[in-house]
Amino acid sequence: MMNVMLSIFSVVPIQYYIFISAVLFCIGVLGVLFRRNAIIIFMSVELMLNSVNLLLVAFSAYHNDASGQVFVFFVMAVAAAEVAVGLSILVTIYRNVHSVDIDELKSLKH
Amino acid sequence: MLLLLTLFLPLVFALLTYLSGNRFAKYIALLGGLVVFTCCSFLKLALVHNNLAPLVFVHDWISNPHISFALNIDGLSLTLVALTAFLVPLIIFTTFRKEIENAKAFYSLVMLMEFGLLGVFMASDGFLFYIFWELALIPIYFIALLWGENKDAAFRHRAIFKFFVYTLAGSLFMLLAFIYVYQIAGSFSASTLYSLNLTDKEQSVLFWAFFLAFAIKIPVFPFHTWQPDTYKESPSAGTMLLAGIMLKMGLYALLRWLLPVVPHGVMLWTPVVMVLAVIGVIYGSVIAIKQDDLKKLLAYSSFAHVGLITAGIFTLTHEGFQGAVVQMFAHGFNVVGLFFAAEIIFQRTGTLSISQLGGIRTVAPKFATCFMIVVLASVALPTTNAFIGEFLLLYGLYEYNTWLSVIAGLTIILGAVYMLRMYQNVMLGETNSLTANFEDLNWKELTVFVFLIIGIFEIGLVPSQFMNMVQPSLDLILNYSLR
Amino acid sequence: MNTLIYTSALGLLCMLAEMANLRKLILPIAVAGLCVIFGLNVTDWGKNGAYYHNMVVTDNFSVAFSGLLLLLGIFITLLAGNFYKNEESKISDYLAIIIFTLCGALALVSFGNLAMFFLGIEVLSISLYILAGSKKKDVRSNEAGMKYFLMGSFASGILLFGVALIYGETGSFDLGAISNYASATHPSVLFYAGAGMILISMLFKVSAAPFHFWAPDVYEGSPTLTTAMMATIAKIAAFAAFYRLFSHAFISVFPPYAWVFTAVTALTITIGNFTALNQDSFKRMLAFSGISHAGYLMLGIISLYGKTDNAIFFYSFAYGISSMAAFAIAIVVAMNLGSEKIEAFNGLGKRKPFLAAALTIAMLSMAGIPPLAGFFGKYYIFSEAIRNGHLWITVVAVINSIVSVYYYMKVVLAMYTKDSVETAFTLKPAYSFVIGFCILLLFLAGIFPGLLTGLL
Amino acid sequence: MTVLSKNPVHSVIYLIGCFFAIAGHYLLLNAEFLAVVHIIVYAGAIMVLFLSTLMLMNLNDETEQHKPALAKIGAVIAAGLLMLVLVAVLKKADALPAPVNQDLSIGTIKNLGKVLLDEYLFPFEFSSVLFLSAMIGAVLLTKKEKSQTA
Amino acid sequence: MNYLLVIILLPLFGFLINAFIGKKLPKTISGIIGSGTILVSFVLSSVFFLGFLNGTQQKIDVDVYDWIAFGDFKITFGLLLDQLSVMWLMVITGVGFLIHVYSMGYMHEDEKFHNFFSYLNLFIFFMLLLVLGNNFLVTFIGWEGVGLCSYLLIGFWFKNQDYNNAAKKAFVMNRIGDLGFLIGMFLLLYNFHSLHFGTIQTALGTIQVSHATIVAITMLLFVGAMGKSAQLPLYTWLPDAMAGPTPVSALIHAATMVTAGIYMIARAHFLYLLAPETMQFIAVIGAATALFAATIGVFQNDIKKVLAYSTVSQLGLMFMALGIGAFTSGVFHVVTHAFFKACLFLGSGSVIHALHGEQDIRKMGGLRKWMPITFITFLLSSLAISGIFPFAGFFSKDEILAAAYEHNKVLWAVASFASFLTAFYMFRLVFLTFTGDFRGTEEQKHHLHESPSVITFPLIVLALLAVVGGFMGLPEVFHAKHFLKEFLNPVFAQATQAGGEMGAHETNSSIEIMLMSIASILAVVAIAIAYVMYVSRKRIPAKDGEQYGIGKIIYNKYYVDEIYNALVVKPILVLSELAHDVLDRTFVDGIVNWSGKFSLMAGAQVRKIQNGSIGFYLLFMVVSIVAIFAFVFLKN
């Protein structure tokens, strides 16, 4: 494992991880902006969170500090909680309007 | 202690009035007003006893920012405190004939107003002054809003609302100015601010921040447009409070908080202010000529008068200052008398339209006489109070600039024109269906007028005692203003 | 330090009480518990310290804000009893969530580590998502919940990305460590980008323009009590966290972001006030006014260099208390008349002088009229801003204050000058108490501002 | 793919694929435990939750209406710009200090556990509040009203 | 000094009594109080007068108390009694008393009898203050006070709005002059730091004041006099003022108040002597007014209007006298004029009384039969005003003419022509009123009667004075003592020295005799013409609207009122409306309202971006983020 580890940063500079995370993050953002289906938007948000996780882990390894990885746990926890709550809100909405299309939720404005 | 007592008694009585219920409210309020007036008399004695050196009360209030609960009574303050203490009970008394809905609230607001006004005139800490300044606005807003008599309620609400927002808007700039000054001085106390050395540029900007607040309240052209409608729409008691006392706040503030604090700013902008003030004098007078609504006419006339006072203050001369103070005092009496007359007319005929009235003198000689005297006082006939004021004001203005004085002097002509035209159309001529059964004054109303008329002649005939009392404080202010 | 723990425990207790069939006692327990915690919190005064590996920091700042939040929490809890009376079976759930929300808020005022900060925000937010959407059959509530949730989680994503970048640069989540790092070395662009992202998510949380869009919609759609929580507890906690973050760890962020701060502040105040002008719904009006208040608080944030915690605390206090009073009254009116429009307040002056007077005072306080707390709040904020050289933006703020008077007074005007339909009107003692107490506090803080200003 | 596929179910599947890829990276970065947890939590729990919700709502067909073209273009441009800006900004962060000596054990369960339950004990406990809250919320929101069912 | 105060305060006392309890008193008592107070004042004044005459009385100049005083600024309330003021004192109280007595009869029917007396008393009070003030400001009190009384008395019958308009006009026109007076005082105060007559007079020697300033001061003060004494162009109020009861016209608008301007200039003669330009101006204005008013007088048909224009004309003459430096002559004419003009007015009042309010001379005629006393007194006074030897007017007028001749021949010619016209219209008046046949209704004819003694008594006294009054100033050609000149010499000493005055020039007695003859001949010719026209040919002036040509223009008073209306009043009224409707409400207030509306509109616009769509919100967020990052990081 050690060899692998060492080779990772010698082959792939930390910048690349930053970039891939940023790209992944932006894909998530794109998903959020692009779609109307609330579930897919949730998933896009998950994607964003994952990109962050990836970044955290990369930095954790980079700094040789476990707290980054611990933080990932919290992110996961939060993600799970969010999904639970988000989906339950979605369910209540679906019960009322039979749609998960966010663009139909426009009664509150101006 | 006496200062504190005088200041807080109205507040106490405001509470008492509210608690006493609708039936007794007016008596309690009147009592309160009289008690305060008594206190004020003692204040005068104390001041004289003190050889006109200011009476001071200072108590630390807030440490950060450093604000002290500082009160100060000198001749100038006492003048306005006395005016307030005298007029408030009188104004309360004018309402005695009328059944007022929710009287306890009304009278307690009036007392609250007195509290605010006294605070404004007594405070020697800028911040405290500001607080009272705003405090005085709230009661009058409600008085005007809720007890106005005009039938067109929507219009009234708009007008009063405009008044509220407009005057508040101005005062916020004053707050800003105070904050700014505080950052430099580290204190709000008048004496510290007086001795502050600000750069000319700062003074120039600060001048407008202060002046805007005061100019709107006074009001100075072109910040006056709230005034006619507000006066018209307020109940008469409210109008009297507004015109009789409240607009003196602005004038007083010019003397106390503007001139000595930013003397160079004043120097720089005096020409502009002068022109505005003189325009106001002529403009108000000219407009008043054709007004059909009695209260609006009086409003414009009042506007013209205060324009002259403003000009007098900005002359930075002894005469201008003295004239301004006398005229502030005089105007309080006169305008209250005039609006009271308007109120009486409105109550009995149900209209304030000058063209619909006429012939009242035939049926109400006492009223006609009293009204005439007040009218004459307001056109500054010699031996009345306003003559002293206008004479000194115009003289002060003359010392500043001859032509401005001549132009402003036109007010004595125009004033005669609109006032006599008004008096003629309202009081003289043949009676008509509205005025044929006009009741003459009853004793309560007569009492009010008698007090006012005594005041009018006292100041008109023996003003020097009064002036000597004010003189030291004006000297002080003038010295700082000419720094 | 223990405030947070005790509060969490209290939340648990509420849940357990439900199971133990002590439903009737839950409310008193919760209120009493919060009061006790409030007391305990006060005893923490002056004890500076960091606990649990600097996860929780206790200092006067945290104690003061905790106190304020607990006070507001007590009010909310008191109001909740009546607010949820139709859903008695779930009251424990609601109370528990309210208290958990409070936990999140408390975490936000006393965190010492970005992990706690993040968790605090999430606890606060997630609880509020739930509460916002808690009127299940009301589409508007659902919509509010959804909007809040979607945008909130999106903002969380940004926040996290920022945290990650900061971590990448500094190698730590600890505020102290970050602070040391930032002052010892010349941070790279990674640090600034991360801080920028955190900044953006904070702006979102405090509903500053241009990230304010969620606020009015969510405020309007949510049950009024929840709105009250968002407007008071959530916003104040967010500002406290904002201050804590940016006064310690990210103070170096200010120079490059100066224009952003200025623009955001001006924009927030202006948009908040101007949009509030034309609103018919009282809640929505308050939402926009809340945005503008966020702007004023931002004015405090941008003057951070001058240690503006006092000003921010006082403003938060004034704003929180007046909002609380206003919302409590709004709830009463809505419960009796079934409407949240400003028209519903017509004639309140005649029918319920107490309520009308209270609302008037609350409105005047928000508008910043002396001698109420709101005035001093504004005063301190302006004063700090001027002291730190933000003169022109203060002028903008002042002009906006004038605008704000218009809409606050519109309500007052409606109460006193319009005629109303006669309906039965009930006012529960809990509400009277909360409203009365708020008004008292407004006056107290207005007349003796020294009580609060000397604190920090 | 997750973003673009029309059928939500397909999206889910793609996302799971994505998660596996990320887990692979974790392994590469020497965070084995995290990789495992990641798979379990995301692929195992969260995605199942998504799927079950989808199934519950019968959303597995392509019912979604697309946004107007303008909004789509706007979305793409905005996201693209964000990416550009982010990359451009982060690119400036060139001179990161060289990585410190790698300690291979930081990703182990033992080490993580130590850090988590010692240094991060309080947040750990605090996250329980988060879960409680979420749990109550989920129950509160999704439980059907009694009156409705009755 | 105490007596002086009594003189002043007695009328005030009378005023107060009548004003407050007059209503409850019987009319007689009310009248007696009114007249009695004046009588006492008169008696006291006479004592002073005699004292001055004997030389036992010294000039009194006392400050009663500090009126407007603070710091260095001090204006006292002080009184001054010297020969000049005592002259006026005598006229005011003497003529005033007679008119009071007359009023008791004349106003007997009026229900506001006590009001009338209170106003009259108040007027006397202010008039006394005017002439007794020892500084300009005290004089100014009286100055404005008499204006007020004039206002009150012109509008005494206030049910008639025309009368009220006349009253208002009088007040406003006076105020225009007063502004000049006021500014003049400011100049004085500014330059001399005092308004005290004596102080200023002495200070003139020590304080350097530019000539222009003196001219300005004198001109401004003269503006005040123009208003008060009805000179061009501020004269139009005086004819209108005839709306007041006739005693008022006699007292205020003939004998006393309108001469205040002359008093003031005489009082301030020391200033005027330093400003020859102003003197010239005054002389021209005076002459112009004399001629102008005289021409109008010729065409008037209202008995009181004729007298009013005559008054204006005579006042013009007096100002001319002042303007050419003949102060004594001016004062002399004031006194004689007071006698005969008061008598004329009272006589006309008697006529009007008899005819129950008819004032149009075209509807009179032949009244001699019924009202012999009135006729005779009226005739005597007319002779006096026409300048027929040896009546009072002859002496005073001739003195002025002589002075004018010395000074400027044109002025003399103008004045002579004015005198000629005066004689003509006065006798036109006499003949139309008292000779020929009665042209009124039968009803009126039936009631014609001589007035009661309370009315005729003052007439007789005044007529007597009009006859003999001239002897106080016999011209030096008669080698008699010019009593008045000597009497006033202490006051005008400076004037006499400075200009050498007219006395010095009056060497050529033959010229003076010639001038007298010319004046007398002119007067006689004028009377003759009038006789021919109205007695022999029995012409009656044309009815209204039937005049033509110049006559029409003059009959309509040169349309001056109309011109004023069109040039001043109308524009101001239009301006007033414009200022209110357009400038104030639309523009100034418009800006205020507009800023409010603008805010609301802006609010409404800002609202629109809050469109409720989550997608849009998120998009906006992202765009903002991009913007912020781009702005912060890509800038440098």
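Things to note:
In order of appearance the chains are A, B, C, D and E, and numbering begins at 1 in each one.
Keep this in mind: a contact is a pair of C-beta atoms (placed from the backbone, for glycine too) under 8 Å apart; a residue touches a chain by one contact, two chains touch by 3 or more.
All figures in this text were calculated on a predicted structure; none of them were measured in a lab.
Each step here moves to a touching chain, and the least such steps from chain B to chain D number 2.
The two chains most heavily joined by C-beta contacts are A-D.
Chain centres here are means of the Cα atoms, and by that rule the chain farthest away from chain C is E. The geometric centre of chain A is 4 Å away from that of chain D, both derived from CA atoms.
The centroid of the Cα atoms in chain A and the matching centroid in chain C are 27 Å apart.
One inter-chain figure worth recording: chain B and chain C are separated by 43 Å, centre to centre, where each centre is the mean of the chain's CA atoms. Note: centroid distance chain D to chain E, computed from Cα atoms, is 102 Å. For chain B, residues touching at least two other chains, in rising order: 165. For chain A, residues that reach two or more other chains under the stated contact definition are 14, 18, 25, 29, 32-33, 36, 42, 58, 60, 62-63, 65, 67, 70, 74, 78, 81-82, 85, 89-90, 92, 102-103, 105, 107-109. Listed for chain C are residues 115, 119, 122, 126, 129-130, 133, 136-137, 146-147, 150, 154, 165, 168, 189-190, 193, 216-217, 406, each touching two or more other chains.
Going by the touch rule set out above, the chain pairs that meet are A-C, A-D, A-E, B-C, B-E, C-D, C-E, D-E.
Interface residues of chain B, counted against chain E in their complex, comprise 162, 165-166, 221-222, 224-226, 283, 286-291, 318-319, 322, 359, 361-362, 369, 376, 381-383, 388, 391-392, 394-395, 398-399, 402, 405-406, 409-410, 412-413, 416-417, 420-421, 424, 427-430, 461-464, 467-468, 470-471, 475. Of all residues in chain D, only 86, 89-90, 92-93, 95-96, 118-123, 126-127, 129-130, 132-134, 136-137, 139-141, 145-146 touch chain C in the complex they form.
On the side of chain B, the complex with chain C involves touching residues 61-65, 130-131, 134-135, 137-138, 142, 145-146, 153, 157, 161, 164-165, 168-169, 172-173, 175-176, 179-180, 182-183. By the touch rule above, chain E contacts chain D in their complex via residues 615-616, 619, 622-623, 625-626, 629-630, 633-634. Residues of chain C touching chain E in their complex: 146-147, 150-151, 154-155, 158, 189, 192-193, 196, 200, 204, 210-211, 213-214, 216-217, 256-257, 259-260, 271, 274-278, 403, 406.
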